[in-house]
Each structure stands twice: as structure tokens, then as C-alpha cells.
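Sharing a structure here in C-alpha cells format.
Read from first to last, the chains carry the letters A, B, C, D, E and F; within each, the first residue is number 1.
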Amino acid sequence: MLHTINKSPFSSDSFETAVRFIQPGDPVLFIENGVYAVEEGNRFAEQLAGVIMNNPVYALQPDLDARGISSVAEGVAKVDYDGFVDLVAEHQVNSWL
Amino acid sequence: MLHTINKSPFSSDSFETAVRFIQPGDPVLFIENGVYAVEEGNRFAEQLAGVIMNNPVYALQPDLDARGISSVAEGVAKVDYDGFVDLVAEHQVNSWL
Amino acid sequence: MGNEHVKKIMHVMRHAPHGTIYTYEGLEMILIMAAYEQDLSVVFIGDGIYALRKNQDTAGIGIKGFAKTFMALDGYDVEKLFVDRVSLEERGLSEEDLVVDVEVLDSAEIGALMNQQDVVIHH
Amino acid sequence: MGNEHVKKIMHVMRHAPHGTIYTYEGLEMILIMAAYEQDLSVVFIGDGIYALRKNQDTAGIGIKGFAKTFMALDGYDVEKLFVDRVSLEERGLSEEDLVVDVEVLDSAEIGALMNQQDVVIHH
Amino acid sequence: MKIGILLKEGPYNHQAADTAYKFAEAAIRKGHTVDAVFLYNDGVTNVTKMMDPPQDDRNIAARWDQLHKEHGVEILACIAASKRRGICDEVLIEGGEITGLGTLTDIAIRNDRLLTFGD
Amino acid sequence: MKIGILLKEGPYNHQAADTAYKFAEAAIRKGHTVDAVFLYNDGVTNVTKMMDPPQDDRNIAARWDQLHKEHGVEILACIAASKRRGICDEVLIEGGEITGLGTLTDIAIRNDRLLTFGD
């Protein structure tokens, strides 16, 4: 199951809640303000590293660009909207709002 | 200056952010989903106790009632909408959204 | 045909009541979906649990209360109500504080249930 | 008359850009208010700081960018831009990452400034 | 005391419109003046007369209309925010008005308080 | 793959309407079928034809209308949610339709995926 997370980890509990329920191996895609979670060197770096160790992690490139994020944590793959569609084609979806 | 906080401390960073800026002695009024912060015995009890030590703390009674909250932390005064108006009459207002 | 068309649909309640309408309109959605004989479940995570609190009296804020409507779900054959244990505990609540009978599960159990769904809708 | 009618109005930016419109419409409000010769200040706290990031390219999401509009505030005599130090640090950012010159302050200093205001508007 | 209110969220979806109304009602009852309710962001959708909630629920637009008619409270929607969200004269309640952000600035200047309600 | 989309926030105020559109566009381009966009909560305000954003900005309602006309995507607003928020036939875009939650259930049943966008 593909999990999408769209909220900043700093202002919402979505990220910290979602990671408690996501099963190992399930892909996680960060979109919209959610992409702040994958930026290198912020307060959530360690928690994100834990996710990356157990799950394929993606971030939506257009959302990263829109927010001026150039350095993402190692192990995060960037996808565009086409890549988002491909992930959805492969998995059922769980959109954590 | 009167500070109002209207978001649940569990789902938003509003409470934890606001308390960093509120000056000692300034009244703090919890309204809407913000009233969950003053319920006795939850995860924010200690942090709230710190606020109560330095600031007059109020919670909007109709919002407490609407959420079934009967036990609030010691030192929290309950006010109705009239009491809210009185607090506004005495202070400039800073509504933390 | 029959069973192959029954979909597993999970509704996830995440918002406290009254501050926003998400949980209330989510419940309206569940009540309609219940008539379609799909395999429905409802999970309460985080502030969503607050929607199930006993003794909510919304007269003072002028908004219709709906906690009791959760009690009607049983009559609609929506019997799978799950509550996240951590969310309950960090709020200092227990099952006795809730208006309906629920099954309290660990996050790993809820996560496993989620993975069996065809559709998951967060409210 | 004169000065007694000048009000101290503080705008507090709290939301990340693009995910919601609050910071953008907040900026539109500041630009209009700037014409009224009041004593305006703008404070960036929490995710609000992200609105000031350099190199935001919004072409891909199809939403108009506005980071550069903050650079215009200077021309409108809105020169008081304050940034919360903790918010900056926990995001791994420094002043060099921002499109405009700001004054980085501790929360106690920002709190003291807030207390001098006639009006505080959170966006 | 003279009060201005800034309301930043739409009706029903967020409690802000209800709290703002309850506050205004109490302030008037206690003898204060509520000068204006200025609607911004999604708040502009408070004033569409097309609103038609269930019969046993409050009608939030009608309530603002009544507040204007009974107590002279100006109910003002920001024009730029309104245009983005489809609020225009054709759907506006009788007691409402669409205006610019300059009006909000005037409200901030001429009142003793400017209170924000949002989410 | 056949896709249904559930959109829970209004235009401009939240990015959800933009992400949902960009996703639908990409899915169609890649040969998938986007069956319907169902609007719920504040999402119903996506389909008012009264929307009139700045000329250099996207018109979100017009974009949904076009998606319906060019690709047959049903653009559906929940009737109960619409009534609360003043969305009715008088303001509805040509390509939009107001319908019940039963339709959403059908969409959930007949599609391979139901994706939610919101905030």
C-alpha cells in the first residue's frame, strides 16, 4: 500500500502519526507541504532515516522545487506527477491528510 | 495582552509554539479544539502546569462542554462568551491560529 | 459474481469534533455507504478519538452534536470500530469514556488491517 | 493629532507557502496596509519562515510564486522583518537561505515586541 | 469598547464562524459596539445567500445578515479573496458588502480591538 | 487503471485542488481512465462558475470544466456538503453535477483506485 503524506512535520502530527502505522516495505510518497520532512538536516532527519531504512521513500519533485528544497536526505527518490501515477498503478493508496 | 489558542495540542504545533512567546503574567484563553490542552491527565499536563505557574489561564466553558471535558487542570478558570468579552475589554488580543 | 464485488473500505477518523466538520461529514458518508453492503470499518486515530467521548453537550456552541450517531452504526451493520491504543492513552482516556463499544488495537494491528483494504478514506 | 492615530500592527506568518494560501493572502494584506502609514511589522514563526526561502520555483505545481514579493516590502516602508531563531534552527536553515534581510530574534524578544502591539494578525 | 472582527474560515467546515458570531452576540449584549466583521481567505464564503443547510441546523449566512440588520454590524468580504472563491454580488446576502483590504485597515485603525477568528 | 478522485478542500486556499488536477492530467496522459472527481467538505466550492481569479492565475473551476469536456471526467459535488456552502445549480459550472454520497460509493466500487486529496 502506497502512503502519501502532505503536511509539514513541524506544524501537524500527520507524519509522526502515519509512521506508526506504515508497514515495513510499503512505499511512502511525500507531497505538498509534506516534502519538508525529507529535507536534509532538519529536526526530523533521524525519524526520517528510520523510515528510509524500512521503506522505499519518494518525494514529489515539483513540490520540492516549489519550496526551494535542493538537498534531500540520502535514499529519497524524486518523482514527478507521472511517477506518482505509476506508484498508484502499482499499489492501493492511503492518503494521510 | 490576551492570547487565545484554538487548536488541539496533539494535532497542531500552535500550543507549543505560542507558549514560547507568551510573556509571564499575560492571560491565556483556550477556545474551540484548543480546550483539549487543559484537560486533566493528558500528555500535555506538565507543559500546561508550566503555563499555569506564570500566567492566568482560562478555558471557554461552552467549548469544554461540547467536547465532554469535565476535569480540567487545577488553576484553569472557566469563562463563558461574556467572560471572553470581558477579557478582550481588558487586554489587546493575540489570536494564535 | 457476489463477493468479488464487495470492497473493503476503511474510514479513518483523525479530527476532533466541532472544531472542524471533517468527522461529522465523515460519519454522514459512512451512513450512506453502509447501505451498499460493502465491507466497512471505521478507525479512530489521534484526535479522532475525541469524537467518541461521552457527555458532549454542544448546546452552548450552537452546533449539532453527533456522538450518539456513532451508536447507530451498529444498526447499519457497521460493527468494526477500532481505536488506536496510543492515541487513547496519551489523551488520558479509556474505553469507559467512549459512547460505543470499540476494539482497542495496537498500531501494528491497525497498520496490518489498513493493508488489507481496497479503499482507505481519511476524514 | 498625528502620531496618536498611528497604530502598531504586527503580521505573524505561520504557514508554509503553497500548501495553503494563508501566507500569500497575508502578504497581499500587508501590501495594502503599507499604504496607510501605520507602524507595521512582520514576524516569521514556525513554517512561516519557509515562505522566505530562496530558489522557490513553482512552475511545476502551477501556482504563482511570491517569495520575491517580500523583497518589495522594503519599498513600501515595511522594514521590520523579524525571524524566530528557534524556528530557523530546527529547520536547518540560516539567514543566507532567505530572500530578504531579516532580523533574527529570540522568542523572548519577539514576545516582548508582540506585547507592544495594538493589533496582531496571524496568517 | 469598539470591536472589529476578522474571520478567516468558511462556514460549517470550521468552528471559527460560530465562535466569532457567539463572541459578537455577547459583546453586543454587554453594551459594546461590534463595528464590522471582515471576511478574508475562505471566510468570504460566509456570505452566500445560496447556503441552504438542514432545517434543524443554523443558517450561518442568514445569521450574519441578521446581525447587520439588527445591530448595524458591517459584514464585509474582501474583494480579491471573494473573486478567487466565487463570491460576487449575485450570491451576496442583502446585508453583506464586497470591499477592499483598505477597509480592513480602516477597521483596524478606528476600533479599540481587532480580533481574529480562523483555524 | 480506472481511477476515482475524492477532493476535500476548496480551490486556492489549499493545494489539494491543484495536486488532484495535476495527478488527473498525468494519469490521463499516461493512458489511464479518470472516472470521476467527487467533491466533499469544502471541496464542493471548486465548481462555482462565479470564480474570477486574477488574469495571470489559473481558473480552477474552468479547469475542472475543461477536464470534463475534453476527457469525460465526471465532476461531482456532494449535495449535502454543497447546500451547507451555497453551491447550487445557479452557480454550477456546465460540466459539473450535484449528486449524493451514493454516487461516491459507486465510484469507490467501480474503480481500481480511489485517491483522496485534502488537507
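As a convention for this text, a contact is a pair of C-beta atoms (placed from the backbone, for glycine too) under 8 Å apart; a residue touches a chain by one contact, two chains touch by 3 or more.
Source: prediction; values computed, not measured.
J.: Touching chain D and chain E alike: which chains?
T.: B, F
J.: Compute the centre of every chain as the mean of its C-alpha atoms, then state which one is farthest from the centre of chain B.
T.: Between chain B and the rest, the longest centre separation is with F.
J.: Taking contacts as defined above, which has more of them, A-B or B-E?
T.: Between B-E and A-B, contacts are more numerous in B-E.
J.: Using mean CA coordinates as chain centres, what's the chain C-chain E distance in Å?
T.: Chain centroid spacing, chain C to chain E, equals 33 Å.
J.: For chain A and chain C, what's the span in angstrom between their mean Cα positions?
T.: Taking the average C-alpha coordinate of chain A and of chain C, the gap between them is 26 Å.
J.: How big is the gap, in whole Å, between where the Cα atoms of chain B centre and where those of chain F centre?
T.: Computed from C-alpha means, the inter-chain centre distance equals 38 Å.
J.: Of all the residues in chain D, which ones touch at least 2 other chains?
T.: 14, 18-21, 46, 61, 63, 118-119, 122
J.: Scan chain E for residues touching two or more other chains and write them down.
T.: Residues 8, 12-13, 15, 19, 22, 41, 80, 114, 116, 118-119 of chain E touch two or more partner chains.
J.: Give me the residue numbers in chain A that touch at least two other chains, ranges are fine.
T.: Correct list: 6-7, 10-11, 13, 32-33, 62, 80, 92-93, 95, 97.
J.: Which two-chain combinations qualify as touching?
T.: By the stated definition, chains touch in these pairs: A-B, A-C, A-D, A-F, B-C, B-D, B-E, C-E, C-F, D-E, D-F, E-F.
J.: Inside the complex, what are the residues of chain A that reach chain F?
T.: Going through chain A, the ones touching chain F are 6-7, 31-33, 62, 80-82, 84-86, 88-89, 92-93, 95, 97.
J.: Within the complex, which stretch of chain A touches chain B?
T.: Those residues of chain A that touch chain B are 10-13.
J.: Could you pull out which chain D residues touch chain E in their complex?
T.: Touching chain E: residues 5, 7, 9, 21-22, 25, 28-29, 32-33, 35-36, 38, 118-119, 121-122 of chain D.
J.: Of all residues in chain F, which touch chain D in the complex?
T.: Against chain D, the touching part of chain F is residues 12-15, 18-19, 21-22, 56-58, 119.
J.: Considering only the defined contacts, which chain F positions touch chain E in the complex?
T.: 10-13, 41-42, 45, 48-54, 61, 80, 83-88, 90-91
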